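There are structures below to look over.
Next come two complexes built around subunit A: one with subunit B, the other with subunit C.
After this line comes the complex of A and B, so read on.
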């Protein structure tokens, strides 16, 4: 942890979230309009907070904060450039997974705390979905960490100076991408919200600052998982000619655009089929990915 | 992390851990109880990080989130009053369990403070993650494989039990020397052990005094959490190079998962059989 972690990480989070919002508009086919975005943000912030009429309504107001904290901690573990790496722990990728794991209770708290039936259904759906998709994330992290022989994200970036891990382990990348999209509850995995079935689901009741925090947290999550994808699979800051930080930013933006574009193109599946896909396909394949990673490590990375 | 940093994280985190742990058994809303338990055990993960066991701390954060969220799910399913709206009394033997827990807490804390623990000069660095890896994949591999098989059996057995038809059918560095230590702010081994003792007592009180099986399981989880806290304390203050200690924490974490799996399967099975998950009503073995 360096002196400007406390400034740098929130700055990356805010700028990243704003950029993601503009990318969203771009992918949707509109011209990005920063002023319109700022107006919407201000209008949202000016709305009064909502107090749900339930016994547990404090859970309702804690949830956005927990969500944002989880997103920012996850973002802080992403290594951006050799000089700027947020918090650099020996077990950084475990902290990344650990931070993402707290999205689960946050969304559940939002659904339970708002107390309306559809929101509670959204919260419970999310529990089932996240338990199924958090496992591939953890297992794929193991598969990527094995060749580097380290759980430190910077070491994993360094081991890819010649070949990106995504080329060496395409299976791991293919499992990782849908799983992290599920963690961000973006379409096609936006089952806790599901505008067309649950009418906003877990977050339907949020107004004002609460709604703005949820919105921000979701964008920061997207920046964090795109950045981690770039670091773990696309060789991070390595690249010719351009400076390292720029390479990292380009790769992160590419992953984010890919995720947003896929979200617009792919249909949302029913919850039971989404779960079946995770338990019957993704989890067994993730174990296979670990076996493959073990072979690669013994064969090429020693 | 420096001694001061450890102290700054340890004291507030310990207070939060003990208070949330206690409130698990006081609140009547089940969503609250489960999330408070998650808070207690998650904050314990932060304490691990402060005590220089960052790998174990992050793993604790990761594992507890999933486990406690499942716990919430089960509580909402099996408590007679999950929302806490009717003000039901969910305790029995209140006085006796509080007395037993208090006695245990005092005894453990006295032992923790009065024993002359071996203190060794310890570096501030975290124990090497790589060393833990070699421990798990080397000397302790058989044990860990055994733990892994246990959890596999627990999962398969749990699913079978829970199926509708049953199984047939369908030493602180410079601790005395520094000024802060004399002012009792510094964290030392007895302090960590005393915090562990209190957490253990809270868990014991819950396990003895609650009537619902899921709440009893939560009490046992807190007791296991207290044991992990003690091991991490020993790891930090007297045996920094003992990777087998870190390994032991991993085994306890696995054990918590196994305990929850088997416990939940038994609860489902008992609920199917006698339509209740209250300990006081499950009296078949009394004959």
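After this line comes the complex of A and C, so read on.
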């Protein structure tokens, strides 16, 4: 952590969120319009805050801030280029997972605090989903860290200078991607808000600054998980000709577009079948991924 | 990928009563720059007819408090032919106050009175044995992918439906008007056989008009299902199909009938392209694993259960019961009509039946237009209106005796009961998919 962290990470978060918003328009088939986005953002910020009539409305107002904090801390662990990262922590990938873990209480607090029945259902769904998907994320992190012999993201990037981890461990990548999309509560895993089923669910009652913070946090989360995917599986900043940071940015944008595109193509997942898939398929396969990673480490990375 | 300027992006809107009704009436909310949104936080426009019935006005007033204060209101009105518009039909005539337009939806009683069709189904709490605090909630009557006026009151045990009540709130009180605005052409034609001014004077043309309405209705329903499960490919495919079908629909409902008109009808409608695209849609619905995964095994009604419940129409045909009033219609027999029947009995089967029926309906409309063009058997004695019409949701009957109408939609109550029943024991989103798959009407028929 350095002085850069306090300025650079929020700057990357804001610029990344704006770029993600434009990528969303691009994926939806519209020409990106930054001025329209700015108008929408200003209109949202001008709205007065809403105070739900529940005993726990303090939870309701804390949740957006907690969500954004979790997203920014997760983003800070992403290595963008040699010497260009927020927090170069020895156990950086664990910190990344730990930061994402705070998304779970934040979303549940939002649903519980707003007090409406469908918002509470959204919060319940989210808890169940995150219990099911936390283990695959943790185990996949272990699987990609094993060959590097380190939990530091920069070390994991360095060990991919020859071959991206996504090619070496495609199973881990296949488990990682849906799990991190679920953490971002993006379609097809937008289960806590599910507009057509829950009318906005956990976030339906947010207005003004609260709504803007939730919007921002979700996009920062997408930048963070896309960046970490690029770092852990797509050899991070490694690449010919272009500067390292540009390679990393391109790979991050590619992952973000892939996630947004899949969200538009696939119908929303159903919570009971998604949970069944997580517990019966994803978790056992994640254990298999660790076994494979162990074999690869012993055979090729020692 | 073809990029559209962001300026033309559709504005998320609360569509009242709902997108399906607007579409069946011949106008897509997209024509007003709106797309339905179900999250009050994202809604930036309210699209409503100038008149809203009392049953929806109170709900609309409540919903508006959840919207941002500066959400503009757009009043659109759509007509399905002649002077019959959504507004004139939504105007209540005998009971309850009604909210007038221009932002003053603040009259009327909430439509939760005891005189509505109520079908309360009570099931067992969740099988896991956990005792949870029950959550009571109402889904509808506006701001959902279901037709406006339909309400599901449920008790959730966790997120599993323990009790379910499905109500149809709306009723047209004007005599000699279509009593169900989700199939106005079918009702108009059914009533035309009994003395009301005919919308389609030739028997072949009535077949064409009713079949195009069936195709539009099924596709509008399929699109609303796409909105419920958030399947953008399904929404886009249905929207493209509906855009081309609406052209032929408008031509068919025109009063100016003659050879030149028929040329125009067949030429403008571009049915070949329609059929080709619909063929693609049917194939997509059949092979989409994502749709199968989402709908498969939801709200299963076995053939024996369908007979026991006296299900009619597409819901019965998706359960293997070949119930279709068109089989007995001589005009349809002349067109070699065969009903579409599937045996799965689940939400997938109901989607397939309606997608395939939409394709078959366009084919029947083309054949009927061809018969009308060559003057095929226009004087046949059996060209009289049949006693029972097959509307997009099942059989309907219209009789007039001693100056009063006897209108009925046999099977509508049974389908509502089956839909409520099928929600019990399902997780909330699965229950909603099951409920939507029955394509219930929010209009109560019969006096």
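Just so we're on the same page, the second predicted complex is superposed on the first by the 302 of 302 C-alpha atoms of A that agree within 3 Å, B and C clash if a C-alpha of one lies under 4 Å from a C-alpha of the other, contacts with A are read in each partner's own complex, and residues count from 1 in each chain.
Just so it is clear, a residue touches a chain if its C-beta (ideal position, glycine included) is under 8 Å from a C-beta of that chain, and two chains touch if they have at least 3 such contacts.
Here the structure is a predicted model, which is why all the values come from computation and not from measurement.
S.K.: Under the superposition described at the top, does placing subunit B and subunit C together on subunit A give a clash or a fit?
M.R.: fit
S.K.: For A:165, using the defined touch cut-off, is the partner it touches subunit B, subunit C, both, or neither? Pick first, second, both or neither.
M.R.: Neither partner.
S.K.: State whether A:124 touches subunit B only (first), subunit C only (second), both chains, or neither.
M.R.: Touch status of A:124: both partners.
S.K.: Of the partners subunit B and subunit C, which touch A:199 in the superposed model: first, second, both, neither?
M.R.: In the superposition, A:199 contacts subunit C only.
S.K.: Is A:76 touching the first partner subunit B, the second partner subunit C, both, or neither of them?
M.R.: Touch partners of A:76: none, neither subunit B nor subunit C.
S.K.: For the overlaid complexes, name the partner, subunit B or subunit C, with more touching residues on subunit A.
M.R.: Greater contact footprint in residues on subunit A: C.
S.K.: Give me, in Å and rounded to a whole number, the least C-alpha distance separating subunit B from subunit C in the superposition.
M.R.: The answer is 6 Å, the least C-alpha separation in the overlay.
S.K.: Just to be sure I follow: which residues of subunit A are touched by subunit B in one complex and then by subunit C in the other one?
M.R.: Correct list for subunit A: 124.
S.K.: Would you pull the subunit A residues touching subunit B in the complex into a rising list?
M.R.: 54-56, 59, 89-91, 94-95, 97-99, 101-102, 104-105, 108-109, 112, 124, 127, 130-131, 134, 138, 149-151
S.K.: Can you check the complex and tell me which residues of subunit C touch subunit A?
M.R.: 1-9, 37-42, 66, 68-70, 135-137, 143-145, 156, 158-159, 226-234, 290-291, 293-294, 427-430, 432-433
S.K.: Residue numbers of subunit B touching subunit A in their complex, please.
M.R.: Subunit B reaches subunit A through residues 29, 31-32, 35, 38, 42, 45, 54-55, 58-59, 61-62, 65-66, 68-70, 72-73, 83-85, 126, 128-130.
S.K.: Flag every residue of subunit A that touches subunit C in the complex, lowest number first.
M.R.: Residues 25-26, 28-33, 36, 43, 47, 117-118, 120-121, 124-125, 187-188, 190, 193-200, 203-207, 211, 264-268, 270-273 of subunit A touch subunit C in their complex.
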